[in-house]
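The structure is given below, and queries will be raised subsequently.
Lettered A, B and C in written order, each chain numbered from 1.
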Amino acid sequence: MRDLGVNILFEGLNMQRLLEGLWITTRIALISISFSIVFGIITGLFMLSNNKIVRLFSRFYLEMMRIVPILVWLFIFYFGVTKIVPVHLSSELVCVIVFVMWGSAEMGDIVRGAISSLPIHQKESGIAIGLTELQIYTYIIIPQAIRRLIPGAINLATRMIKTTSLAVFIGVIEVLKVGQQIIEYSLLTYPTAPLWIYGFIFSLYFMICYPISVLARKLEMKWQH
Amino acid sequence: MVHNTQEALLEVKKLHKDYDGLTVLSDVSLSVKKGEVIVILGPSGCGKSTLLRCINGLEAIQSGKILLNKVDISGSDTQWHLIRQKIGMVFQSYDLFPHMTIIDNILLGPLKVQKRNKQEAREHAEKLLHRVGLIDKINAYPRQLSGGQKQRVAIVRALCMNPEVMLFDEVTAALDPEVVHEVLKVMLELANEGMTMVIVTHEMDFAKAVADKIVFMDQGEIKEIASPVDFFQEPSTERGKQFINMFNYNHLNKERE
Amino acid sequence: MKKIKGLSLLFISILLIGLVAGCNSSSKEVSVIQTIQENDSIRIGVFGDKPPFGFVNQDGENEGFDVFIANRFAEDLLGDASKVEFIVVEAASRVEYLESDRVDIILANFTVTDERKEAVDFATPYMKVGLGIVSPDGELITDVSELEGQKVIVNRGTTAELYFIENHPEIELVAFDQNTEAFNALKDGRGAALAHDNTLLFAWANENPGFSVGITSLGNEDVIAPAVKKGNTELLEWINEELETLAEEDFLYKAYDATLRSAFGETIDADDVVYQ
C-alpha cells in the first residue's frame, strides 16, 4: 500500500464534493418524502373510496408505479417527454416528480392498509355518537391510522433515500456517483479507495436514516397509549 | 320500572330489510313508549341486532318506517348525525377509541357534535363516571381498563349525549362472566331511573328483571310481544317455548331425578 | 426504448398539459451551429468515471482524452476552450441524451456499432479499441500461439471472453465477474495472461511494474467516434471538417501526449489508440 487510503477523503475538493452530493441526495429525498406524505394520504383515501371507478383508477395508478421500474419512469420524464414536447425539465425536478409519483402511490397503499385494518366498530362508534364523516376521519380514523402506518412510512422513506442513487442515470450527480468518480479517478493510486469512500458514504446514509428511525421509535413509544 | 300510557317515543312500522335479496327482517313493527324498557330475545341470527342497527341508521332499510317522536327518520333526507344524538347506542365489542383517554372518549360527542360548553360537559361526564364507579379512571386509556369497565365507560359515553332512548346490542356477550353483573347493574339502575331502553341480550334472568316488555324474534320476524311474566311462564308460540326450554337446564335435571 | 416512447405518449397528455402551453417551440429551420453560437456554449456529453478518457478529478473538474478534444471543439467553434458545458452521462443513456436534445455531441468513449448507427449519427472516428493481452514480464506472451496449453484470465461476458471462445476454443479460460478479481488472479499466477480491452490493460500495466501488454491488438478492432443526434448533418459535417483540420496538425497525438501517455506509459505506441 503506497499510501493511507483514508487520505483520499481529504484530497483536493473530495470531501466538499461528497457533501455536496449528499446534500443533493437529501434535498431530493426530503422534498419527495414531504410531498409523498401529503399526496399519499389523498391517494389512500381515493383507494378507499366508495366509488368503484375511483378505486379502480387509484389501483391502476399504484400498479403502474409498481410494475414500471423507477428507472424507466425517470427516462420517460427526462428523455421521453422532451422528445414529444420541447420542454426541458431539469434532472432534479424530474427526479422529484417521479419520486413523488412513486412515493404517493406507495404511501397511499400504506394509508389504505392502515385505515382498513381499523376495526369497523371504531367507525360505527363514531357514527353512533353523531359524528359526521369528516369528524370521524379527523378524530378517530386518521389519528389511529397514523400510528399504524408509521413503520411502513419509515420503511418507505428510507427506501426513497436509497433509491435516489438511480437519479444518476438522468445526470444528477448525487453522493454515490461522486463516490464512484473519486474511486475511479484514484483507484490506481489508492487500491483501498472503494473501502474508504463507500465506508464514508455508508456513514453519511446512516447519519440521515438513523435520526429518522429514532424519531419513529420515539413516536411509537409516545403512542403506546 | 315506569309504566305509563303516553304516546310512543319510538315506533317501527312494517320494517323490511334484506341483504342482496336475502331477507333479514320482515314486517317488523314495534312501539316503544317513553320510559319503557324493551328486551328483544331470540336465537342467534334472528335479526335482533340488525333491528337495533336499523333504528340507529347504521343499516339501510328497504321498506317500512321508523319514527322518533312521530317524525319519520327513515327517509333518505334524514340528518342522521342529528338524530343519533337522541339515540344512544352501546355495542357488543369494546368500542372505545384506544388513542383517547376515558374523559376524551366521553367528551368527543358532547363537544364536537353538540358543541356544548366544555366545563358543563365535563361536569356532566364526571357525574356519570362517578355513578358507574369509574371516576378514578378519568385520565386512563382504554387499554388500562377491564372489559366490564370499558363497557361501563361506553354506556357513559352514550349517556353523556343526553339521549332520549338507549340501544344496547349484546353488551355483555364479550365479557368475562364475573364482570357481567357490574354492567347489568348499571343498566338496571338506568331502567329504574326511567331511561327508555331497547336491549338485545342473552341474559335471561336480567331480561326477566329489567323488561317491561319482551319481544321475541325468530327468522327476521317478531313472533310475540308479551310481559316478562307471561313470556317466561307461558310463551304463546311454539318457537317461544322451544327457546325458553333451551335455557331451562334445571327443569331437565329434575325430570331425570 | 420503443416501450418508453409509447408510455410517455400516454402520460404526457395527462401530466404536462399545463407546461406545454407556456413554451415557444423553436423552429427547425434555425441552424444548429448558429444556436450553439447564440448560446455561447456547447453541451458535450462525457463520462465522469472512466479514466483516462473521461473522468472528474479531485477538484471536481472534467478531464481526460475525450474532454481534451471537447475543449478543442469549443475553442474552434466559439473561440474559447472553456465555453463547453460538460454533461456527465452514463453508458446506458448516451443515445437518449442525443435523442432528447439534452446534449449537442456525445464524446464518451462511444464505440461505433451497426445497432447504434440506427439511432445516432457518428462522425469520423478519433480512437480505436481492440483486445490486448497482459502477462508477467518474465514470461511475456507476445503471440496468441504461446498461450496453447495455458490458462487465460478473462471477464465474464466481455468481448475478450467471446473472442477466445470463437477463435481459440483450445485455450482454457478462467472467468471472473469483477475487474479487480481478474487482475488479482493474474498477480497470483492463476493464469498465464489476462485478456481485456487494450486501453484498460495499458493503464493497469503502467501502474503495476512487472507486467506488460505483450499483445496490444488482437481480433476485430472497434472504432470510437463523436456522435450527434440522428439527422443533425450540419453539426456532423462541422465535426468531420474539424477532425480533418485537426489531423493536419496531429492534434490527436497531442491529445494522447497530454492525457493518455502518462496513464499508459512510454512503452505504448500512440498509434495503438489514436485513429487518424
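Here is the rule we use: contacts are C-beta pairs under 8 Å (C-beta built on N, C-alpha and C of every residue); 3 or more make two chains touch, one makes a residue touch a chain.
This structure is a prediction, so every number in the text was calculated from the model and none was measured.
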| item | value |
| --- | --- |
| Graph class of chain-chain contacts, one of line, ring, star, complete, other | line |
| Most central chain, judged by mean C-alpha position against the global CA mean | A |
| Centre-to-centre distance between subunit B and subunit A (centres being mean Cα positions), rounded to whole Å | 49 |
| CA centroid of subunit A to CA centroid of subunit C, Å | 34 |
| Intercentroid distance (Cα basis), subunit C paired with subunit B, Å | 81 |
| Numbers and ranges of subunit C residues touching at least 2 other chains | none |
| Touching residues (chain side subunit A, partner subunit C) in the complex | 11-14, 16-17, 68, 72, 75-88, 168-171, 173, 177, 180-186, 188-189 |
| Interfacial residue positions of subunit B with respect to subunit A in the complex | 56-58, 80-85, 88-89, 91, 93, 95-99, 108-109, 112-114, 141, 143, 154, 157-158, 161 |
| Residues of subunit C touching subunit A in the complex | 1, 3-5, 7-9, 11-12, 16, 19-20, 23, 25-26, 48-51, 55-60, 87-90, 92-93, 96-97, 99-102, 203-204, 207 |
| Interface residues, subunit A side, partner subunit B - complex | 119, 121-122, 124-132, 135, 139-140, 143-144, 147, 223, 225 |
